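Chain nomenclature is as follows: A, B, C, D, E and F, assigned in order of appearance, with residue numbering initiated at 1 for each chain independently.
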Amino acid sequence: MKVTVSRRETFNAAHRLHNPIWDAEKNAQVFGLCNNPNYHGHNYVLVVKVSGEIDPDTGYVIDIKYLKDLIREFVTDRFDHRNLNLDIEEFKHLNPTAENIAVVIWNILKEKLDPKFDLKIELYETERNFVEYSGK
Amino acid sequence: MKVTVSRRETFNAAHRLHNPIWDAEKNAQVFGLCNNPNYHGHNYVLVVKVSGEIDPDTGYVIDIKYLKDLIREFVTDRFDHRNLNLDIEEFKHLNPTAENIAVVIWNILKEKLDPKFDLKIELYETERNFVEYSGK
Amino acid sequence: MKVTVSRRETFNAAHRLHNPIWDAEKNAQVFGLCNNPNYHGHNYVLVVKVSGEIDPDTGYVIDIKYLKDLIREFVTDRFDHRNLNLDIEEFKHLNPTAENIAVVIWNILKEKLDPKFDLKIELYETERNFVEYSGK
Amino acid sequence: MKVTVSRRETFNAAHRLHNPIWDAEKNAQVFGLCNNPNYHGHNYVLVVKVSGEIDPDTGYVIDIKYLKDLIREFVTDRFDHRNLNLDIEEFKHLNPTAENIAVVIWNILKEKLDPKFDLKIELYETERNFVEYSGK
Amino acid sequence: MKVTVSRRETFNAAHRLHNPIWDAEKNAQVFGLCNNPNYHGHNYVLVVKVSGEIDPDTGYVIDIKYLKDLIREFVTDRFDHRNLNLDIEEFKHLNPTAENIAVVIWNILKEKLDPKFDLKIELYETERNFVEYSGK
Amino acid sequence: MKVTVSRRETFNAAHRLHNPIWDAEKNAQVFGLCNNPNYHGHNYVLVVKVSGEIDPDTGYVIDIKYLKDLIREFVTDRFDHRNLNLDIEEFKHLNPTAENIAVVIWNILKEKLDPKFDLKIELYETERNFVEYSGK
């Protein structure tokens, strides 16, 4: 009897899409406006989905307050009001596309969570563009 | 060729999280503000997802009006403007966490639906906290 | 050059509509399901709107962090996860309709804010029912 | 390491549910208001979900601009501000239920996309009624 | 002490923008895709805003259930799943633009409401296009 | 008989709050995380509200397609995927707070619109923080 518990958090960050092995022309052609050297930004919406059995004593799969604190400490407090390319270690050598941000967040949280849980990340870059990753 | 049809309904209810085998201190520690003896409440958003084959005569998997009536008769008309702990039989001896409410609703609707359908329940307790259950 | 700055906050509370000078039958007739003696509840969405001149040094009408802290300290931390009828002083003798809650919140915040500001309260009881009050 | 990338688009169309092999009475009984011979309409919300590996050079599963252009050229520019029954070839002999529209869109886009990708369609007919199809 | 009470309702309708005193070319030029002779459609979202004094006995400006029933009986039950141009008397000789629909709804409801109330109509044709009218 | 027509558009930009006449310490104290020298960013939601009489020939206050094109040409195409501080002339010497951005957009559009119209700008910096300006 597996139930999935989800928590929605947000962070507001600047970023730029860029591949340093390509020249400026190729970067502009592939990434278009997202390659602006002065950066642009987003209100990212993050949904963290944790699946597991219900604990009969609490009626919880996971204490959502614990999950919220985990997300804030290890993800949103680190990423919020930051420049992903310049301020966040994980994107020093990794292009901060929505896909890569989702994988990075999955890796961060997977390590902090009890391995009995399944984990899935949804990340909304805008109202119209979003990605999902579940480690498979 | 399986299609999933979803219907979104809402109900507004009071509840309290509490485990009667624990003392007040332990309940306060585990459930925090949610343990308030005078109750608090939510606008619950319920999404009922039914999967099956498209009927070639109607183009429907299931008549959504029939599904809506089923949800209202057996779930939302019973739960809406109620105190889940005091007024709803299923929670007399079951802690009304989002997880347990989702399982209770799945059990109610599974029994009413043609067994050929798969059923999944999504339940939003707030904009930021929600759960899913598909009977597995 | 007046600009209005708005902050959206939420609180989840139980309540019951009831007029103690009426008998049970009259209360049931006027308030319907909202009169349930065991209470029901809502995720209230509160929008606080403050109007004033832009400070040329900061570019702010009001520091939104200060406004957020004010709302939390004096309104949402007091109302969240509470029973409005039983736990909140202001509703001991005042029916906690959306209209009255909005007026109560306006009165609380008006007194805390610099009188140079205009104040308006929007309060959403559900997605479909909401009220506004600006002290006039 | 599979990631799903989603794009949300909209189109506004008229339609009518009707089965030509049934008489008017049977159609009215099955489809109710949706059988109105003068049509009614919806703001359809379409979410196209494409799953695949992240390209290490771009950090993309698929260029979302390319996906957006594909959806617009082959789906929303064709369906938007149209009468699905009268103006769209695919519904000349197919009842334009949400289920059938989702299958039609899946078929259109599946053929245009690189076969390495998995494809899923979500189609919202209203805020409360929506369907999903992934070709299985 | 005036409070505004709002109720959100929806209706799904087909329509076409057309001025019968112009020829086809002029209509196509002015109304573009909205002039499609086969109609298109929308999920209209209607917000009805009623302003007045709080009744000290009920704590209500107006009983929102009464307001909901009024909107449904005189507006949404009449307009929902209809073709505005063909099925609705008021648009037989009036172009059903969002602006005109809002004015028509205001006129319908103004006459049904106690004249002591101020009335404002908001009408969303899509997520991105909407209008407001308050009879002034 | 004045009707207000609104159009919702979006742009995604980086920015930083900073007053060059203050030292780093004072800036950090006043603007907190928003002062990050590497910038952060937002998905700005812009609602442009134009009020005027309905033209009896078209049923429009203003052609919303014309309004959309105006907003895109003079505002969102200029601001989208940009760094407000570095890339946008108007913020070279003006702190890009939500308040100041709203005033700048109002000034840009006021000059392009027929003076017979009233204009109001709503700007959402996040889901929870937003401002309004109507030139008064």
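One rule holds for everything that comes next: a contact is a pair of C-beta atoms (placed from the backbone, for glycine too) under 8 Å apart; a residue touches a chain by one contact, two chains touch by 3 or more.
Being a predicted model, the structure only gives us computed values, none of them experimental.
A count of contacting C-beta pairs for B-D and for B-C identifies B-C as the more extensively joined pair. Annotation: the A-D interface is duplicated by A-B among the options A-B, B-C or D-E, judged by over half of the residue-numbered contact pairs being identical. Distance from the chain A centre to the chain E centre is 41 Å, each centre being the mean of its Cα atoms.
The distance from the centre of chain A to the centre of chain F, each centre being the mean of the chain's C-alpha atoms, comes to 28 Å. Taking each chain's centre as the average of its CA atoms, chain B and chain E sit 34 Å apart. Among all residues of chain E, those that touch two or more other chains are 127. Here chain D touches chain E in the complex through residues 10, 12-15, 33-34, 36, 38-43, 80-83, 86-87, 126-127, going by the rule given at the top. Listing the residues of chain B that touch chain D in their complex gives 1-9, 49, 54, 57-61, 63-65.
Residues of chain F touching chain C in their complex: 17, 19, 30-32, 94-100, 102-103, 127-133, 135-136.
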